Structures are given as C-alpha cells and as structure tokens.
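Please see the structure below; I have some questions.
Should a chain be cited, it is by its letter among A, B, C and D, assigned in written order, with residues numbered from 1 in that chain.
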Amino acid sequence: MPSETARIEAFSDGVFAIAVTLLILEVKVPAADSGQLGRHLLQQWPSYVAFVLSFAFIGIMWINHHRLFNHIRRSDDGLLILNLLVLLGVTAVPFPTAVLATHLQTTDARTAAIVYNGMYVAVAIFFNLLWRYSLSHHLLGHEVDKASADKISKQYAGGPFLYLACIAIAWFSVTASLVLNLCLAIFFALPPAVAERVTRGRPARA
Amino acid sequence: MPSETARIEAFSDGVFAIAVTLLILEVKVPAADSGQLGRHLLQQWPSYVAFVLSFAFIGIMWINHHRLFNHIRRSDDGLLILNLLVLLGVTAVPFPTAVLATHLQTTDARTAAIVYNGMYVAVAIFFNLLWRYSLSHHLLGHEVDKASADKISKQYAGGPFLYLACIAIAWFSVTASLVLNLCLAIFFALPPAVAERVTRGRPARA
Amino acid sequence: MPSETARIEAFSDGVFAIAVTLLILEVKVPAADSGQLGRHLLQQWPSYVAFVLSFAFIGIMWINHHRLFNHIRRSDDGLLILNLLVLLGVTAVPFPTAVLATHLQTTDARTAAIVYNGMYVAVAIFFNLLWRYSLSHHLLGHEVDKASADKISKQYAGGPFLYLACIAIAWFSVTASLVLNLCLAIFFALPPAVAERVTRGRPARA
Amino acid sequence: MPSETARIEAFSDGVFAIAVTLLILEVKVPAADSGQLGRHLLQQWPSYVAFVLSFAFIGIMWINHHRLFNHIRRSDDGLLILNLLVLLGVTAVPFPTAVLATHLQTTDARTAAIVYNGMYVAVAIFFNLLWRYSLSHHLLGHEVDKASADKISKQYAGGPFLYLACIAIAWFSVTASLVLNLCLAIFFALPPAVAERVTRGRPARA
C-alpha cells in the first residue's frame, strides 16, 4: 500500500513542476529586426537572470519539500491545509520575481527588493508551520530518527528572521539584500546535517 | 497492485495542480514607472484577493476529491465521465473568478456575483453526482464504514441549494452573497464528521 | 514492482491534464463596462462551446488512452515513440479548436471545419498505430482476453475513415460535419463492448 | 516500497509534460478575415515546424531521461541538483526554439541558429553530468549490467562536441547546421545498443 502522504506528494510535485515550467513564458523573443538579434538578446539579460533564479528557488523549495516528506508518513486535514499554504507560496513566486526583474534598474528597486524578500519571509513561515505541525501531531514515520528531525527544525527556525533581515538590509542596499537572499537559498539547499556544521563554523563535508 | 482508481486520482491531481498554478498568470506586474511601484502594487489588491480566493477554493475542492477517493476504490466508465464533469468545473474556476475580480467595483457587480455563485452551483451538483453514483454502483472499498460515507452524503446534499441561495442573495446584496459563499467554502473544507456537528449546533472538535 | 508502462501512463496523464486545463486560457473576460456584462458574456457563447467541446474531446481521448493501457503491460522504444505521436495530437487540440471557434460564423467556416476534422483524422490514425503496434509486438498483459482486444481493434479501425467522411461532408455542410464529429466522439467514449452492439444495431446495455 | 528515485521521476515527468504542452501556446490563430483562412494558415508554416520540432526534441529528452532512470535506482542530494539542471534545459527549450522560428527567414538566421544549437550544447553537458555523477556515486541498481551502462556513456560522451560542431557549421551554413542537429536528435532517440552499431558503421537492427 502506498504511504498515506503519496497523493499529497504527487499533487505538490505537480504544482512545483508547473510553477517551474511556466517561468519561461516570461522570457520574450525579440521581434524580427535587421541584424540586431544578438544585441537584443544580450540586452534582456535581467529576464534570463530572473528565470534562472526563480528556477533555482523553486527547485530548492522542491528539494526541501521532498526532504520533509521523507520524514512525514501520516496525514490529516491540518497537514493538507498547511501544505496548501506552502504551495500558495510556490505558485506565487513568478509574480514577485517579475516585479524584481522589471524594476531592478529603476528608482523602484528598493520597493521591488522588499516585495521580493517579503515573499520569502512568507514561504519560510509556511515551511516552518508545516514542519512543526507534523512534529506536534506525530505525523513522522516511526523509523525516523529524532536527531535528523531536530536538524531540520534548527535549520528552518532561523529562516523567517533571516529573510526579515534581508528586508531591513534592502532599505540601505538592494544589492546586499539580494546577495544575502542568494546565500540563504544555498543554505536551504544544503542537507540539514551539513547546514548544522556550517552554522557552527565547522568545515562541511558533503 | 495499485488501486483501480489510482490513474483517475493521478490525472485529477494533475488537473487540480495546473488549475491552481495558472492562477498567478492573472496577476500582472505594474509597468516600470517613476517611484510609484508601491502605490501601483497596492492598487491592484483585487487581483491578489482573487488569486488567494481561487487558490483556496481549488485547494478545498482538491481536499474534497481526495476525501471521496479515500472511499472510492473501484472504477467504471460512468465514474470516469462524472469525474471529468467535476474536473470541467475545476478548470473553469479561473474564468468566473476573473469576471468577479474585474467587475466587483463596477455597476456590473451583481451580474458578476451571480455568474460566480452559479459556477459553484454547478460544481456542487457535479460533486454530488460523482458521490451518489459511487454509492449506487457499489464502487466504495469494502473496508469503508457506512457511517463515514453517510456523513459525506449529508454534508454534500445541501450544497447546490446553499449556493442557489447565494445567487438569490446576490440580487439584494453582493457583499452578503460573497460572505455566505466564503462560509460555505470553509464548511466544505471541514471533515464531514466536524461538519455534521456544526450543522447540529454542537461544538466542533477537530 | 510497478508495471513497465507506469511511467508512460504518468507522463501521458500529465500531458492530458495540462492540455485540458490550458483550454480555459482561451476564454476571455469582457472588459469592465457600464452594466452590459450579462450581454457581453452571452455574446461570447462560441468560446464556451469550444471550451466544453475541447474538454470533452480531450477527456474522451484520455478515457481511450486509459483503456488501451489497461491492456498494454510491456513497453519498448517503438511504443514510447508512438505514444508521443498520440500526445502530439492531444497537445495540438487547442489550436484547431480555436481556429474553428474564431471562424465558425465567417465565410471561412468550411476551411475551419476541414482543419478541425483533419486533426481528428490524424489523432485517429495515431491511436490505431499505437494499438496495432502493441498487438503485433506482444505488449499486452498475459491476462488480457483476446475478445476484449478484438473489440477495441474493431472500434478503432473505422476511425480514420469516418473522420475523413467528416471532411468530405464539410465541403457541403459545415453543420452536418460537426454533428457527425460529435456523434463519433460519443461513439469513442463508449466501452468497446457497447460500441460493438451499437454498430451491429443491437440495443446497448451499459 | 517505491524506488528512491520515484519522486524524482514523477517530478521530472511533470516538467517534461508541461514543457511539451505549453508549446502549442506559441501557435497563433489567424484573425477572422474574409475567405483567406487557408492561405493564412499555410503562411505560418514555420510555427508548425517549430511546434513539431520542439515536441520531438522534448520527447526525445524524455525518452533519454526515462532510459537513464531505468538504470539509476538510488538518489542523493547531488543527483537532485543535477537533475534540476537537466530540467532547467528542458523548460528553456521553448525560448531558443521561438527565437529560431521568428528569425529563420531574416538576416539574423545565423545568430538564431547559434543560440539554438548553443542550448543543445548545454543540455548535452547537463545529461552527461547527471549520468557520470550516477556512475561515480554508485547510484545504479545492482541488477544493471555494466555493458548496458557503458553503451549509454559512449553514446552521450560525444554529444557536447557534436553540438559544438553544429555551432561552428552554422557560421557557414544555417541549413547544414540544422540538418546535423536533426540527425543528432534521431541519434539520441536510438537505443544505446543500436546507436553503438550505427557509430561503428554496422547495420542497425532494432
């Protein structure tokens, strides 16, 4: 018999897969023109950056979702609803990303960076809610060892505050806030055991 | 061997996942402008409300579909076709939602609210047809207890009439009809056992 | 172990699910206007008809695909490629449907109907190729009874010719060709055993 | 219990399915006009060619992905990330294809062909990284025979260089580079055992 959570995972995978695939629709083809295609293609580099960044971020969310559901084995109505909240965040990604791409080189860059980092605050909160609910309602598999679950809890706990810091930093420097945002993405892509070593300042061994 | 209904569920999950992910395409990025991004983003709040509402409604339909197919274990051609009717309703959601969002603040608000609630009448009928067909054609699993199935039947039976009431109310007050619509969404998100207690006026215990 | 064909079915289900969900993107919301919403919504009835028809046709193709893969249990590279041909037909559906919807009430109605029926000729040929290849390469499950497979072969064999007839009829009457097209859709939605009785003129018993 | 890689395959299938289905959105319906529909439909033949080519290329990538994951049975974080790289290539396909379709008959044809072939260099590199990582990290199933894996390694190894050759050839003849590109697509659609015989100049037996 499949795990109780199989259909939640299948549905979520569908949402992740679609969200990640729709991103290319935002990259526009330059109109037919006289011998200037190369230049036009290069000029729209912010579109490519936004495409690759959003792809990476949704991909990393998927890896995290995958990791959580390697531990979660039972399901109830609360889990269904909290999982929908996480997916709401996933499907919304293209919007703030497009806001950032459109306004990064304008006088609205600061507002755009705040909106962009604000979405990550929300997603980080939703992931924490999903994980803490699973813990407190005993939805993990019996074979899951407690140390592994604790490492996830620690890695996630700081998320919302770190992204709030990104918002604060954006007030002073948009570039600095986006660099920190990128570092956080890499941090959440790391396996929890490696992430723990990083935060303790020990050398990571993948 | 997987359950006979596994492929129906997989296909349906795909449709739900895509319908829910396409919703963000309706939220437009404000054009590059001079320092007015924040104001422009706030002004298009009806788009965000429509996005979140439609997400919630499709999510709740998915939870209900999931719940029904926790009971339904066999499949026949009639079930395939009635399931397609339910999915027709799911994929149509973005259209009446967009109609409502576009016209909520115009003189056409009443028409838009009637169209919007009308879609829910149809979806409620389709869900009832699917469920009653499964009961009358003995497609439930042998291990399903009758009391649990009865609770679903009761919760669903009133659906079409309650949404018809929303249409009637929209004639007098668009706001009241949308508030009732929202209450119904929450009602159908509840597990049938809790919903039963709510309708009997007893305190619900999740 | 899952059946060898499980991943083909999953991939195909994804394509069917997306093709059917993208259809709603073709139905446009009337612009905000003064009290004319009801009339504008009614005027664009051809969009709704095209949406429901395409939904029904893709749904029926999915039922047929489902039915074939209830018999097909082994896979090889030829099957992968023929299945991709069927999916090519499925994903193309929105285009000829939109052509028909846009031109049904113009002097181009005949051309549009020929294009529309032409797509069905192609899809019918692809389904026949997939099924005949599975038969001749012994890809059916051992438990499949030959009579059931023969019924499918018979139901499918006439498909391409009947849709060619639709094209010929469109030369004289667009309406008649669309009515025949609709009858064929219902015919292919029928289980093969029932379809056989229909073609023999005996009363069908579902 | 499902294989460790089941969810990776399901997610990837979703991405492939969506990428392939979105292609039809690029084929536009000619506006309602007076009796010129046939001519307008014929005039936009490059759109149909681009649709069919992209469909074929994504389909062939799917077959290759399917083939690799018939061998890969275990998963780790590195595999997740390399698989995301492959999917990044898959979702990007519609963009360079549209660039090629829009500019094939202009003075920018050479630039467009270089961009188009450049995407294939990247995808070929990503597929090689995924496969070589799986080999070096012992992620293949125990039952996989080494000869079969070696054939895949050989077929893939030349890919990036052959597509680089396409770019070089595009400098002199756009047509020749596209013909070679098409031959490579067919080469990668072949089963590795057949591909090996082709490269050795022996007659292939499917």
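The rule is simple: a residue touches a chain if its C-beta (ideal position, glycine included) is under 8 Å from a C-beta of that chain, and two chains touch if they have at least 3 such contacts.
In this text the structure is predicted, and so the values were computed from the model without any measurement.
K.L.:
Where chain B and chain C touch, do the two copies share over half of their residue numbers, giving same, or under half, giving different?
P.N.:
different
K.L.:
Nearest 5 degrees, what's the C-alpha rotation angle taking chain C to chain D?
P.N.:
90
K.L.:
With chain centres defined as C-alpha means, what is the inter-centre distance between chain A and chain B in Å?
P.N.:
Centre-to-centre distance between chain A and chain B: 27 Å.
K.L.:
How far is the middle of chain B from the middle of chain D, if each middle is the mean of its Cα atoms, in Å?
P.N.:
So the centre of chain B lies 38 Å away from the centre of chain D.
K.L.:
Give me the residues of chain B that touch two or more other chains.
P.N.:
Expected reply: 2, 10, 14, 17-18, 22, 25.
K.L.:
Sort out for me which residues of chain B touch chain C in the complex.
P.N.:
Interface residues on the chain B side: 2, 7, 10-11, 14-15, 17-19, 22, 25, 77-78, 80-81, 84, 87-88, 91-92, 94-95, 98-99, 102-103, 106-108, 111-112, 115.
K.L.:
Name, in rising order, each residue of chain B that touches chain A in their complex.
P.N.:
The contact residues of chain B facing chain A are 2, 9-10, 13-14, 16-18, 20-25, 27, 29-38, 41, 51-52, 55-56, 59, 62-63, 66, 189, 191, 206.
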